[in-house]
Amino acid sequence: MTFVVPVGPQHPALLEPEHFRFEVRGEEIIDVKIRLGYMHRGIERGLMDRTYHQGLYLAERICGICSHAHNLCFSQTVERLAGIEIPDRARYIRTIVAELERIHSHLLWAGVAAHEIGFITLFMLFWRDREHVQDLLEMISGNRCYYSMCAIGGTRRDMRPEHLPKIDRGLKVLEKATKHYVSVATSDRTILARCENIGVLTKQDARNFCAVGPHARASGVDVDMRRDDPYAAYAEIPFGVVTQSEGDVFARVVVRLREVLEAIGIIRHALNKMPTGPIRTRVRAKIPPNEATSRVEAPRGELLHFGISNGTEKPERWRVRPPTYANIPSLVPMFVGGTIAEIPIVLASIDPCMCCTDRVTIVDVTTGKSRILTMEELRRMAR
Amino acid sequence: MGLMRFFRKKSPWLLHFSAGGCNNCDIELVAALTPRFDVERFGILLRNTPRHADILVVTGPVSRQCRERLLRIYEQMPEPKLVVGVGACTMSNGVYDGCYSVDGPLDKHMPVDVYVPGCPPKPEAIIDGVIKALARL
Amino acid sequence: MTEALSFLLAYLIFPGLLFTGAVSLLFVGIDRKIAAHMQNRIGPPIWQEFFDVGKLLGKEDITPTSAQSTVFTLAPLLAFGAIVAVMLLLPVNSAQPALVLVADLIVIIYLLNIPAICVMLGGYSSACPFGASGASRYVVQLFGYELAFIIAALAVAVKVDSLSLSDFVSYQAQNGWLVLDWRLLPALIASLIAIQGKLLRVPFDIPEAEVEIVHGPLTEYSGPKLALMRIAYDIEILAVAGFITALFLGGPTPFNIGGVQIPGVVSFLIKCLAIVLFTTTLRCIAARLRIDQAVRFFWTFAVILAVISLLLVI
Amino acid sequence: MKASEALEAIENYVVESKILDERRAIAVTDLARYRGALFALRKNKDVRHVSTISGVDVGEDIAVIYHLHCGGSLLNLKVMVPKKDPRLRTVTDIFPGAALYEREVMEMLGVTFEGHPDPSRIFLPDDWKEGHPLRKEWKR
């Protein structure tokens, strides 16, 4: 007997609405159909209707988890369009906030992943320790989630000397906690049973389906925008790119947790080397005709902003390609052949961020059979 | 009836629906469950099916694709039910006002009992909003 | 006449509905509080479960239009009725249960499964894919844990040479608790694993895995029916713990503190709470297994342990 | 790989090209040769990663821009498609990962990608009937 298990739009495994239809035989998945777009707000058009300074805030609100990455990428693109260099101190502050955000995002993800495999205690502990990062970010930027640290031409706020010892203390706590979690995650038998050899994505598939970020790195694809296309202060900071060759869920856990440790190292280095000076240069509101592309390694992978200016204070065209969007096609080979019990953790393992993906688009992936889903059908299933 | 009101105030179960926002309110709502804020102190639980829920917590402006689902979930909830809108988007569409796929704000579609302003509101504010909603029972 | 009255009294008040209901809701409250503390939280007050059930009783009762409404409605009632009946058969206050049957061990094992079957029926009849999926998982899991559970109980029965719980209790009163007998230790471990599966607790909460299939069979239940299902589940926790108590921990044993005679029910409750807290600890330190892994675990590890015990005592 | 090396690989296929800096290059090709250019990159330089495909409404034409990740540099390969007859061959046979990006351009700007494995309507809300929202003439 085959029947269809709808996952979403409102579903506990998903913080955000999206809709998956898994056709299953018993517990085995034989087909998957993905319908996104529940978070579609039309942001690309919205960015074209707003000035650059207004757009900065809209771009930040593409996604709540990687807000600084969008904010950073948007301002970098505008700076490239205008052809200006930003002060050195601003570059370092951007780097520090970006890495803090990476820690926050990865710990958040680790907590969600623990929840997906039913390990509630671990979820609670991850989120408890994530609050330390939130405290640091709140101290630096004044807000827990939307930091708004980047302004076009620099940063909005400076880091004060009294912040440094607090950051140092916070990082120590985080480093200790993360090291502990790495040892827990790699030794707990129930975690291993749920994560090893699950949702395997081969290196070949990862490259063909253009996977990005930790998801690709866990499949052995050595790609990292911080190293390959340096921005902010990354060119001056030594750091390692974490890769694993297995390509299963467990490899993704390990990659993300080890990236947290790398990020802590980057922040320490940046704090030590931080130059003094101004944090912002002035940028004219009107930007001459030009086009520019900027890429940022967001916590989930390569984020791309592409802008065309036309001499006014509004962009002619703005294009955003968030990382989760690039990772969606690689979900299909990971799902088919697995079981229902694997759906949440496999889905979570790419760290999906649907509000990013849906900023303009709806995606629908079919394998072989395709079926149109009517409203009536959905209703009947939901009643 | 007094006893029933007491029970309801002591055990509000939430259903969270993200209606097209940016995720941050959702994150802050989940953060409210975790050790630092721990809403289970007040008997608040996050349930996953509308049939079990007492309070619908909506985040985000209502996107066109979400609208139907949101209404259906609202209808599936048993009476008595409350609606709490979390975040500036639910009140006024927030920063997304004017985007073509946004069909908000929330009170265009359903009666809202409490709004929690902020972009995003802090977990403390969300807890406060839920407690204030309970006073309307 | 008096017999009927005393039965009614036993069913409704002690050790039936009122007593078990109150105690089991309190136990679940304690369980939630302890779990919260293990997760570094403060957690709900220990009488939270009373609030939850009380509120659910006053909510609107929805039966989905596509559900088979008779089965959907009867399932919670049947589950509730059966599990209260189990309490009558357990030795709660003294070695003698409220209702004496010849081979009550077998009856109890049967009755303990009725709530599970009702949950399955409810899930299937709700015409919801999550309900159906949860129910089918429940069936698979039932076949997993039940074998280990029965063999473990059988090992004790062979040791005591009886099929009656009151004999178990009086045997242990004379010869010491069976948990102290090393030959039955594997059976105890096997039955503790089995009740973790029976009570749907992590790592075996697979039929209710919320992130996979919402609330499984209970997804479509609301209001009073959900409340009944919940009470039935809470009482099941107490009943299963009481069963293990009677099997291994000597059941209710009256004792003296400073000359004051403490009735057996107190020791019964303390032992039950210890077992419940053991399952609480287990559910806080593990991740959920997949259904195939869980069944494999039951059929290899747990069953082998139980069989070892059985062979040792024969 | 530097941007100049990426440009060398496709010099026979482009109309004009410009190196912006060490890691950025822009090239314009035409409808007849863009697939050749993409194939040459894939074959000679082992470029597998399409960062994205953007569509831009530039008045008479629609510019379809392939953002290609060539080692450390980014090449923007531009093809002009006339708005009157907006049709292109798909590149999903060369880059399987481009499938979603092509569908997005299809919906947002009304460019048809011929030979696409699943060109069905995928975009926007279910009840959307208002056309292609990223075209210049589109009004709310």
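Letters A, B, C and D mark the chains as written, and numbering starts fresh at 1 in each.
Methods note: a contact is a pair of C-beta atoms (placed from the backbone, for glycine too) under 8 Å apart; a residue touches a chain by one contact, two chains touch by 3 or more.
Small disclaimer: the values here were computed from a predicted structure and weren't measured.
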Requested in this report: Could you tell me which chains make contact with chain B and chain C both?
Outcome: A
Query raised in the report: Among all chains, which one's averaged Cα position is nearest the averaged Cα position of every protein chain shown?
Result: A
Query raised in the report: By CA centroid distance, what chain is farthest from chain D?
Result: C
Query raised in the report: In terms of C-beta pairs in contact, which two chains are most connected?
Result: A-B
Report summary line: chain A to chain B, mean C-alpha position gap in Å, rounds to 25
Query raised in the report: Centre to centre, by mean C-alpha position, how many angstrom separate chain C and chain D?
Result: 62
Report task. Let me have the rounded angstrom distance from the C-alpha centre of chain A over to the C-alpha centre of chain C, please. Result -> 44
Report summary line: Note: chain D residues in touch with at least two other chains are 124-126, 133
Report summary line: Two or more other chains are touched by the chain C residues 39-41, 210, 214
Query - Multi-partner residues of chain A (at least 2 other chains) - result: 11-12, 37, 40, 42, 45, 124-125, 128, 362, 375, 383
Report task. All pairs of touching chains, please: list them by chain label. Result -> A-B, A-C, A-D, B-C, B-D
Report summary line: Within the complex, chain C is touched by chain A residues 3-6, 11-13, 24, 26-27, 114-122, 124-125, 128, 188, 190-191, 193-194, 339-344, 380-381, 383
Query - chain C residues touching chain B - in the complex, by the definition given at the top - result: 32, 36, 39-45, 48, 51-52, 54-55, 58-62, 210, 214-215, 218-223, 226
Query raised in the report: Which residues, counting only chain A, touch chain D once they are in their complex?
Result: 37, 40, 42, 44-45, 207-211, 223, 228-229, 291-293, 295, 302, 304, 306, 308, 316-317, 319, 321, 325-326, 328-329, 360-366, 370, 375
Query raised in the report: For chain A, which residues are in contact with chain B within the complex?
Result: 9-12, 15-17, 37-43, 45-46, 49, 57-58, 61-65, 67, 108, 111, 123-125, 127-128, 130-131, 134, 144-146, 353-355, 358, 362, 375, 379, 382-383
Requested in this report: Name, in rising order, each residue of chain D that touches chain A in their complex.
Outcome: 23-24, 26, 48-52, 54, 56-57, 65, 67, 69, 71-74, 76, 95-101, 103-104, 107-108, 118, 120, 122-126, 133-134
